[in-house]
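First chain A sits with chain B, and in the next complex the same chain sits with chain C.
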Partner chain A sequence: MTTALSAVARYVDRRQRFFFPAPAVAVLFLIIVLPIAFNLYLMFTKWTVGLGEPRFIGWDNFVEIFGDERVWNGVKVMIYFSGASLALELFFGLMIALYFNRTFRGSEAVQAIYIIPFAATPVAVALIWRIMLNPEIGVINYLLTSIGLPPGLWVASPDTVIATLVMVDVWKWTPMITLIVLAGLKSLPHDPYEAARIDGCNALQIFWYITLPLIRPVLIAALMLRSLDNLKEFDMIYTITQGGPGIASETLYLYSYNVSFGFFKAGYGSALMVIVFLVVLVFNVLMNRLRRDASLV
Partner chain B sequence: MANVIVKNLVKRFNAVTAVDNLSLEIHDREFAVLIGSSGCGKTTVLRMIAGLEPITSGEVFIGDTLVNDMEPKDRDIAMVFQNYALYPHMNVRDNLGFGLKIRKFPKAEIDARVQEAADILGIHDLLERKPKELSGGQRQRVALGRAIVRKPKVFLFDEPLSNLDAKLRVAMRAEISKLHRRLGATIIYVTHDQVEAMTMADRIFIMHKGTLQQTGAPMEVYLKPANLFVAGFIGSPSMNFIEAKVIREADAWWIDAGEFKLRAPAAFDARLEPHAGRTVIFGVRPEDMTAHDPAAGAGGGNTLTARADVVETLGAEIFVHLTCGALAIVARMEAPEQPLTEGQTVDVDLKMLKTHVFDKETSQTIV
Partner chain C sequence: MATTRIGKKLKTIGFYAGAIALCVPPLFVFVWMILTGLKTGVQNISYPPEFIFVPTLENFRAVFEQYNFFHYLMNSLIIATLATVTSLLLGLPAAYSIAKYRQGRIGILILIARMLPFVSYLLPWYIIFRYLKLIDTYTALTISHLIITMPMVIWLMVSFFESMPAELEDAAMIDGCSRWQSFIRIVLPLMRNGIATSAIMSFIFSWNQFLFSLILSGPQTKTVPVAVYNFISYGKIDWAGIGAAATLIVLPVSIFAFFVRKSIVQGLTMGALKD
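Up next, the complex of A and B:
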């Protein structure tokens, strides 16, 4: 008995490097590996959830994607929305970080207030914006008309919906870029700035020739971090417009959600998800390459 | 080139006075070294001359121009920083040429000047490298080069060698001296290293607690220190200070330290007389003392007896740490043929003409 028990103990002891991580590995497998594998399987099938079994159809889903006008609309909306919002967030984030990168009276209080949008829950923020942007009962049009300006249609018009969503996204996420860039600015060496002042630079030249090149790796890192969320922005757009009016604000990601969980076309939806994934991946690989070049200083 | 005049300069950081009513004049083409222990305000003075630090009160002139309210870029100065302050994202060529590019020099002129500086400093092979890829000594050369290409009126050096290893420091010291001769430039050089000051300076400006203590040629401040601080600061190991009384005996003035009594040379008489009976600080440099076996015979009246506690051998020289009663004294001398043993009693001969006497209350030099 004792020998049998000690044999088991020895067995466990010798293999503890497998036993201890086993629960974590099992959970990871169940919630990450398995769904991805299932998704990769589904993208080669035609399957309407609830109606029969998935049917293998090879690359047909991808062929369909190329002919699907809503896909191209989604790509267009994504480029417009992400391009504009990322560019503006980066620009304002940098400018405000430069402004905060000095001490002035009450600067800490101002910074604390400034990051509130970033700290707030995205869906709650989106809901409040939806109400504020309502052309009939929204407070924004009320304020505009009360000072004599014409009211806007905001998310109610296909012409202004993306610009409005960009505005909300910039309002919410610029503070995050600011925080990252500010941390970068605070870590910059002090000496080159004094050398530049003696070398003859004015404030603008110091920014252009010293700050900007030195901060570039941080800017790219901030852009990468933000783009991961932004390219698959979902909760804010879904809460405010559900991709409407019509499909005017339906990004590729939103469309793939609608296909999978609105129309229950799981096979086609999976194929679309993979396309979104590839877009995000390629963008970040490119950014990472840029960042590596920039940090070679 | 130009002279630099500082008049009644004051710098306060809140309640702390870093520079206290300092006036100095640095001549055209002079190599001036500002020296003092850390926190004495020497770097602050340099930064105020550069325009990097606002002036609390006082005036700074470069050439004939009052530069108090001028931006650093308009003062026609170049500065070499302690941490080099190279632009990390530019290669060496761009680092050297940056100041000229900003000042809109033609491209050909920039190239020519960069080449010239690279020739002078021997950094041709490094031109395409980034600062990260350079050693400390190479970075220091680039920092020098960046100053040279500008051909400024005044060069400002802020402890440029303190981050280099000892060997490199010796080499760069010589190189900076050569550079000074070659460029004929006015140089203001801040350091806490007295070897740098002694070897490179035309004149040394010794600072302590924000005030100027003494100005003079290196040998002048070494031989004739104005006060106790300068006497202790210049020289290595530093001067021995011994509290003693000035007394009159047998028709001569004597320095009576209790443990020993030394006869002052006749040349000191006039200046010692007013201090008769008072307690003073007697100073003698380690190199003005020789310790030897008592058997070798004593020198008349200028010898004290002590115990050799520790003998440090440096090769050609030795440092002997002596105890004379309660006093600790260091002597620096040539290594004797018959080595001294630690713990032995020795006679110590003093070159009395080279000793100093300081007022205990005012710290000023009496002799």
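Up next, the complex of A and C:
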């Protein structure tokens, strides 16, 4: 008996490269690949969850997508929201990383405070923003008017709602970009800086001709990582506006959620999600190509 | 001489001005959250907003007594712990093997997992769990949270394992340990910092998870983000309750984040910076 057991043990031991990752891969397969296969089937069907069976309708869902005004609205909102927030987060993230790259007394403490929003529960802080942004009794309008600035309508107006959500997103996620870029800055080689200093370059020239080209691959990597979550931003938009007023802040992703869990249209919802995935995939493939080119420079 | 001294002073002033500019936005929101929780309902909707007032702990009592918040805190704690422990049990050997044998293909599976919209897992899982009558159970919620925590633990640990010298393990093997024994007795104890970091990161992300819990939980297993969100769905919005509840939710994860802030980058970048 013991010999049989130890034989099994030895067998497992010799095939470590198979048996060590096997359970994790099996579980990942079950929780990730299986649902996707289900989605790929559902997107060709018409089915309201709880009512009857899925009915195969071929590509009809995708035909419907092209005529659906809320899809085009969702694409527009997504481009506006993600474009603005990613650009601002990248810009501020880089600037603040450059700031933290020089140590000064108390910089550790400043950094610790600065990164708090990043770990904070999105739903909880989004609710606090919702309170603060209230146009009638909110503290932000109070502070603005007390220094003589006009109050804003923030998320209450379709004209300013996306800009306001961008502001909250930048508040929450710029620290993440900063941390990644800062790690990149710390690992840059010293030699080019020495050479530049000997040649008498000023700080701006050093930044433009040395730091920026060297850090570009890291910037693109940070942008890619942030885009994975940003293009699928849900918690904050859902908590603060639920896509409103009307559908003024309903991103494509939020719309796909509403179709799936508001109307329980599983087939159409699955088709929309495939579109969202393709957007994320295409963006990341393009960025990855840009990153490869950047690292060759 | 004098100009450089002035220049140095200006630089110092610049640094501290920057420090203030960076600390005010996060601190303001956090202080306002706590103040909202310490005000009465009437004080919260008065205009102009009150900055100086007699604080009350009434909201915190109400959150526990009327909204049964302790139950939700326990739910979040149980689910985050289950998801983290499961992720470590499955993820540690996998990450070790990926690092040791350079099994990059498993990495691609994990990257795809991150690219997919979460709703596209949610719909099939909702249908499957409904069929299995598992909606509103810890099992369903833990499984759904694994989608986020397991890839995170694996990627974090791959980078920690890669930084470990191979000689240590070879020495163990020479001493007659099996691979499994050397993994348990030699490798894992050496990796305790990395394991602690991964565990904390996994816990934070499970604790903060909203979307999966929103759909798959119910009265029995509701987690804190869903519970606090429901404060605005009861017809009128209970600002004071939200302030108190949000404080209780955010404080533990903020403290956790403080301890792992140095390793957060690895968790986020998931190895993307390495090549």
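One rule holds in what follows: the second predicted complex is superposed on the first by the 268 of 297 C-alpha atoms of A that agree within 3 Å, B and C clash if a C-alpha of one lies under 4 Å from a C-alpha of the other, contacts with A are read in each partner's own complex, and residues count from 1 in each chain.
One rule holds in what follows: a contact is a pair of C-beta atoms (placed from the backbone, for glycine too) under 8 Å apart; a residue touches a chain by one contact, two chains touch by 3 or more.
What you see is a predicted model; the values in this text were computed from it and never measured.
Peer 1: Look at where chain B and chain C land on chain A after superposing the complexes, then choose clash or fit.
Peer 2: fit
Peer 1: Kindly classify A:230 by the partners it touches after superposition: chain B alone (first), chain C alone (second), both, or neither?
Peer 2: A:230 sits against neither chain B nor chain C.
Peer 1: Between chain B (first) and chain C (second), which, if any, makes contact with A:106: first, second, both or neither?
Peer 2: Once the two structures are laid over each other on A, A:106 reaches chain C alone.
Peer 1: Thinking of the overlay built on chain A, is A:61 touched by chain B (first), by chain C (second), by both, or by neither?
Peer 2: neither
Peer 1: Touching A:214 in the superposition: chain B (first), chain C (second), both, neither?
Peer 2: A:214 contacts chain B only, not chain C.
Peer 1: Looking at chain A, does chain B or chain C touch a larger number of its residues?
Peer 2: Ranking chain B and chain C by residues of chain A touched puts C first.
Peer 1: What angle, rounded to a multiple of 10°, is defined by the Cα centres of chain B, chain A and chain C, with the middle one as vertex?
Peer 2: An angle of 80 degrees, rounded.
Peer 1: Using the superposition on chain A described above, determine whether A:281 touches chain B (first), chain C (second), both, or neither.
Peer 2: second
Peer 1: Once the structures are superposed on A, label A:164 by its partner contacts, choosing first (chain B), second (chain C), both or neither.
Peer 2: After superposition on chain A, A:164 lies in contact with neither partner.
Peer 1: Determine, under the contact definition given at the top, whether A:201 touches first (chain B), second (chain C), both, or neither.
Peer 2: first
Peer 1: Between chain B and chain C, whom does A:192 touch in the aligned arrangement: first, second, both, or neither?
Peer 2: Touch partner of A:192: chain B, not chain C.
Peer 1: After the superposition, pull out the minimum Cα separation from chain B to chain C in whole angstrom, please.
Peer 2: 9
Peer 1: Which of the residues in chain C come into contact with chain A in the complex?
Peer 2: Those residues of chain C that touch chain A are 12, 15, 18-19, 22-23, 25-27, 29-30, 32-33, 36, 44-49, 90-91, 93-94, 96-98, 100-101, 103, 106, 109-110, 112-128, 143-144, 146-147, 150-151, 154, 178-180, 183, 204, 207-208, 210-211, 215, 224-226, 228-229, 231-232, 239, 242-243, 245-246, 249-250, 253-254, 256-258, 261, 264-265, 268-270, 272-273.
Peer 1: What does chain A use to touch chain C in their complex?
Peer 2: Touch residues, chain A against chain C: 9-10, 12-13, 16-17, 20-21, 23-25, 27-29, 31-36, 38-39, 42, 49, 96, 99, 102, 104, 106-107, 110-125, 127-132, 136-139, 142, 146, 171, 176, 179-180, 182-184, 218, 221-222, 224-225, 228, 232, 234-235, 238-239, 253, 256-257, 260-261, 266, 269-270, 273-274, 276-277, 280-281, 284.
Peer 1: What part of chain B is in contact with chain A in the complex they form?
Peer 2: 50-52, 71-73, 77-79, 81, 83-89, 98-99, 102-103, 130, 132, 146, 150
Peer 1: List the residues on chain A that touch chain B in their complex, please.
Peer 2: Against chain B, the touching part of chain A is residues 189, 191-192, 194-202, 205, 209-210, 213-214, 296-297.
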